[in-house]
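Letters are used for the chains, namely A, B, C, D, E, F, G and H, taken in the order the chains are written, and counting of residues starts over at 1 for each.
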């Protein structure tokens, strides 16, 4: 077999097993899913296009598809939701797919999630107008491309941990998200940590670990 | 004045105000400290050499100096320590200064901190021998230079959040810590987030926010 | 001779001739200054340490030395100051030398200059508290290292042109100012243009061209 | 809603609200446009292909489409044009789309605009032959790919501010416009500031802020 | 002719002559193959898609096609296999094509080859469970993308030479395999050497030279 | 008009005027050609695909098309050929298009040109076997991708100027030709100068200037 | 203690334990050495300056110091030498320290070592004159800075494995050894693998693993 | 011996043998010089500081020292000078050392050399004023740091080959000469070839090969 499956963690925590679909054939994704389902765990396929979704349905499971997030979920044992909130924010409309990947990941892992879109730092009043929702979250996932400045400003408005997600949205000297990544790594605000460019999944997962502590 | 001071947060949280001494003259550090002390907050000067330490003592305060961490602390109101633990690990002897910066920062912010040094991934048994201490921590700060592989392996041994700190330790294609930084950003392990190269302070601070939730 | 001198512009505009001292011997700077002085123009030596200053004094001129800005000025024909204002802001204490290079350059070129230091985006209220001075300036020079996010936020608070100056202040993934430079080039705010890392002179000069239109 | 709209500025200044279409679906662009039109402002959609143009027409507005510039304009309240001129120059035929983005942006914002194409520095006499038009402009936008040398030479021919726009035109070691960008940031000429690679819009906007002072 | 052929080595060693098909037309590959076959040597075409395979069959040879490895082989003189083993490991399912390129190359060159797939470092127990097979190999080829950490850990489990192969699998800050490459070059484990990103062929070849010593 | 044409040089030297077709529409190329032809000069369109070739034919000219070189030529006044020779060498079969761009450019400019393909440094005897042809050339254009080592070795075999052309042929750490470019810039051999990645045209042109001195 | 010591391997293999002295204080090196010596293993301190050497002597051991290689050795149990040979070659005089680090490492590990210095590819006859010694080695370590072309040519002259070591020798576009590193990774010759810039130790170690198989 | 010496070329051509002193000890330079002098050739030591100069004098030779160029020359057989001229130009005062390295190299190799300093493109008239000297040269070496734009403009003023030398002069986004290097590689002017950053020697050597054809 081309993929060994390790489901101790998911049985223990109720957490889903994740299949990263990008770079895999539909057959490979389905094959891995089948083996995981034998153990009766929840499954989440990320970077999954409609073909993956339909192939998973075809094996006779009830599959939820989150198109904007590109995530397909098979939820056999629902995880009880948290009372505290993860806030997923993004700077621009084009960042929404990455933000959705984070938000859906966190939801599947049993977190209450709030969303806030299109609050760039160039219009600071729109951001400040949302201060209450920002300050009521327990963990924040802040998604931004281009100049990547949103996490710095946001972290200044809260005492909670901020997970910054650079996106590849931009052109020219954004160099595929490098500019936003460097901005976030150099943030002068306290409490900011960073994940890979476009890694909404990783941010949602880490936020869930923190929120469920 | 060359520095405006903002101490609402520290008054509210008991957290220290931090002065980043690198790139400032001793006079500038002392000047900022004086103004902060008027508000009766705790102070932590990072990247502080002995000159900074002695100049702070000279203004008549009781200053603790953590030489390995390069941190000078003026602790007017002790913060009650947590029961849960932050584990600060590092891969090699040369990474210790950065690990200490993280550990002392977390301690000053009122966390119980454990330390684990010299547990590189090339001798995996030395790491596995420490599995108990790894699994009993609530948050982990994992510091590594060169190949930066330690956070990936460590995160696989725990379900708690891991904050990865790349260091500039290395030579040649380590490019001043870039290699370790990229390794950590590309970690395949769940729950890993990353801070700037050599940013022990930022890791300790974020770990504290999480540990004290 | 090792340097041809071109003073049409300065005669015409009353603008100073600039000698970029970095990478030149004191003898070369003095030699160039002597030749310029034969034409009775104003002179400004940038990146000038005390040796340059003293050597210029030694040729019998009245020289003003701006230590923080590292600029020595010989002002034979004072330029009448503008009524409109150039605001020079910087994010951190360590950015002050670059900000001063911009401010002094603009002053020598006959502009009214205001200064605002230590207004990073992580403490957005300190920045907003200065909104009046920001909105009364005709041109803004905004200097920042590390994450370089200040120009984006500032440009959102004004309808005037903002010249962004990245500095080499920082460490690790700041890569000598590259991170701040990329942030500024990717700014989502309208009206931002950018100069070279640490190029306070260039920003001050361009700001003056705009302010004196 | 996926995009909050902020139209204070455009109401106040008569300036258009801009929608950056790249990375947005046609539906998203139209949705944002509809909300903006409720406030009776002018709208400019940049990086807009014909689909965007036609979808905007379909909502019953009179839309102007500038194909070379990839800009669609809905002009409800014409802005009175300036008497002073912005000159938009480019080095090669392939740079024209970026130059047009700058020129149309400036025109929509109420500026008189002149154009000069195909005046590379390798044929300096063609450039010098245009000296009169260069020296009669109040602000210059200078667009170039490959070696990006045109702004340096042009700025030497005028005392007015020059906004340099690197383009991604080129191959090999042009690295997607990086070479031209670095050339422009390192320009030895006074008065040059720089925007992102291919950012004709940003250059046109900043030029307008300066020209309308 | 567009390609000079040199077959001394292959006649001497029984080793195949290799044609790197990428960037060549099918006609060029077939032309080179024809000339080699006149000398009665074995041939291996790497980076060969089905078109190349079918074109080689069309010249009347018995061709073996390894689809996953993208290698077509014409084996006129079988090479006697070794008793010692080369182990080819990879970290993830998506790395399999590169691992197969290494494995098939080594097999064609007459080596006994074992394979181990999907043993990333984030699930260290899955790796440790394979310790016996790891320690019984004479040479190891270790293939990984993303964080590229597998060779460091593996080399710590054996005293045999490890050839590390970074892959371009990943996204964002993997920068097309650069992250994994740097990780491997900075490996703290003894006995690790590295080949180009995605260069399964080079790794298989070098492993064979070592294994057949 | 979108392109000013400057033909003093070509009239004076008999040299062709060049149109760089990449990034231009067929209409733009034809438009520029028409204007040039009014002056009765020779024309060479580089990076020209068959569409450009056919469009040029359609304006009623006799056009030669060099498919491998992607060059279309309209030769109204033949240039008398040199007696001395330019040798154009390349390391691999995939480098031939760039080598041909150099060779055809040099031929159109009236040089005698020899060609040598597929002489990589890893089979040094094949290179040494060609020593006579190498040493009889007056100028050498040496084209190589991947490791780009051929110019260093070749320059050691001759006392004539060597123009090195890196190509984008390769994968992984060749980074689109960057590796070969850096190798050539760092060549330890005397007499080597370098042009842009894939710039066969520039190498052929410079070689012609030297050969015709 | 700041360093855990793991000496199973050295006891088993007779191989020395290595202390990488760079970035450690003399006290740290001595402390680690003391603990290792309790187990009666051989010790090798790399990147060791005279201070390290003298401090090791001061603890009462017989220490050999290889100044050019910057290695100090405490050899309690001599390793029986091999009959087969490792050849360590370098391209220029300035590469000798890195070559010596490789050669001494291999000797301490019990290998017969030959040395060949100053055989750059620009004088190919000097290299070819050494063909006999090249072809009689079982493993080759090839060290080069600047263009890094020597391993490609050398590997073409032998059927044995070649370990390529880029050095930081060079200036300008050598970028601290990056150019040589990329050249070696892109080598078109079979059997070449690469280690980190300046990593003579790693090359010598891997060569020993291969030579002693 | 640490350096093999190869003097066929210099005996044949009257050209000097060159010793690159950077990275070598004075003893190594003198040792190499001694062995060369046995063959009665001319010697040129580049990157030579006064210590090298004095050590060469101490072996009893008549040595000429060019301090600005950092070149020491032992001239046993004077080379007859050419009638045609190499023009060495540089953009700024700080570029003079590199320009002198080129000029002195060319002179030692028997060329007539003209010099032109401080003719940056931002003051194009100063450059145009020198058009006669530019057009009377047979080969041009054009040296520039910062934006590196001078070779493009100069090549447009002549039909002779231009060798462009980027220098490491600059700061910030000049990245140690990278900006100037890329500018020159991307030059739109015909006839430009490029050497390594600061490589005045290589430019002077190649210019001499061309000028003496």
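Here is the rule we use: contacts are C-beta pairs under 8 Å (C-beta built on N, C-alpha and C of every residue); 3 or more make two chains touch, one makes a residue touch a chain.
Since the model is a prediction, treat every value here as computed from it, not as a measurement.
Touching chain E and chain G at once are the following chains: B, F.
Distance from the centre of chain G peaks at D, each centre being the average of the chain's Cα atoms. Between the chain pairs B-C and B-E, more C-beta pairs are in contact across B-E. In terms of residue-numbered contacts, E-G and F-H present the same interface, as over half of their contact pairs agree; the other options in F-H, D-H or C-H do not.
Chain C has its Cα centroid 43 Å from the Cα centroid of chain A. Remark: chain A and chain B have CA centroids separated by 26 Å (rounded to whole angstrom).
As a whole-number value, the distance joining the C-alpha centres of chain B and chain H reads 50 Å. Measuring from the averaged C-alpha position of chain A to that of chain E gives a distance of 35 Å. Contacts with at least two other chains are made by residues 123, 172-174, 178, 181, 185-186, 190, 196-197 of chain F. This structure has the following touching chain pairs: A-B, A-C, A-D, A-E, B-C, B-E, B-G, C-D, C-H, D-F, D-H, E-F, E-G, F-G, F-H, G-H.
Residue ranges on chain G touching chain H, taken from their complex, read 93-94, 96, 117-119, 123, 125-126, 169, 171-174. Residue ranges on chain D touching chain H, taken from their complex, read 91-92, 120-124, 128, 146-149, 152-153, 155-157, 170, 172-175, 178-180, 182-190. Considering their complex, residues 2-4, 6, 22-24, 28, 32, 166, 168, 176-178, 181, 196-199 of chain G touch chain B. Taken in their complex, chain F has these residues touching chain H: 9, 12-13, 18, 138, 159-161, 163, 181, 185-186, 190-197, 202-203, 205-206, 209-210, 213.
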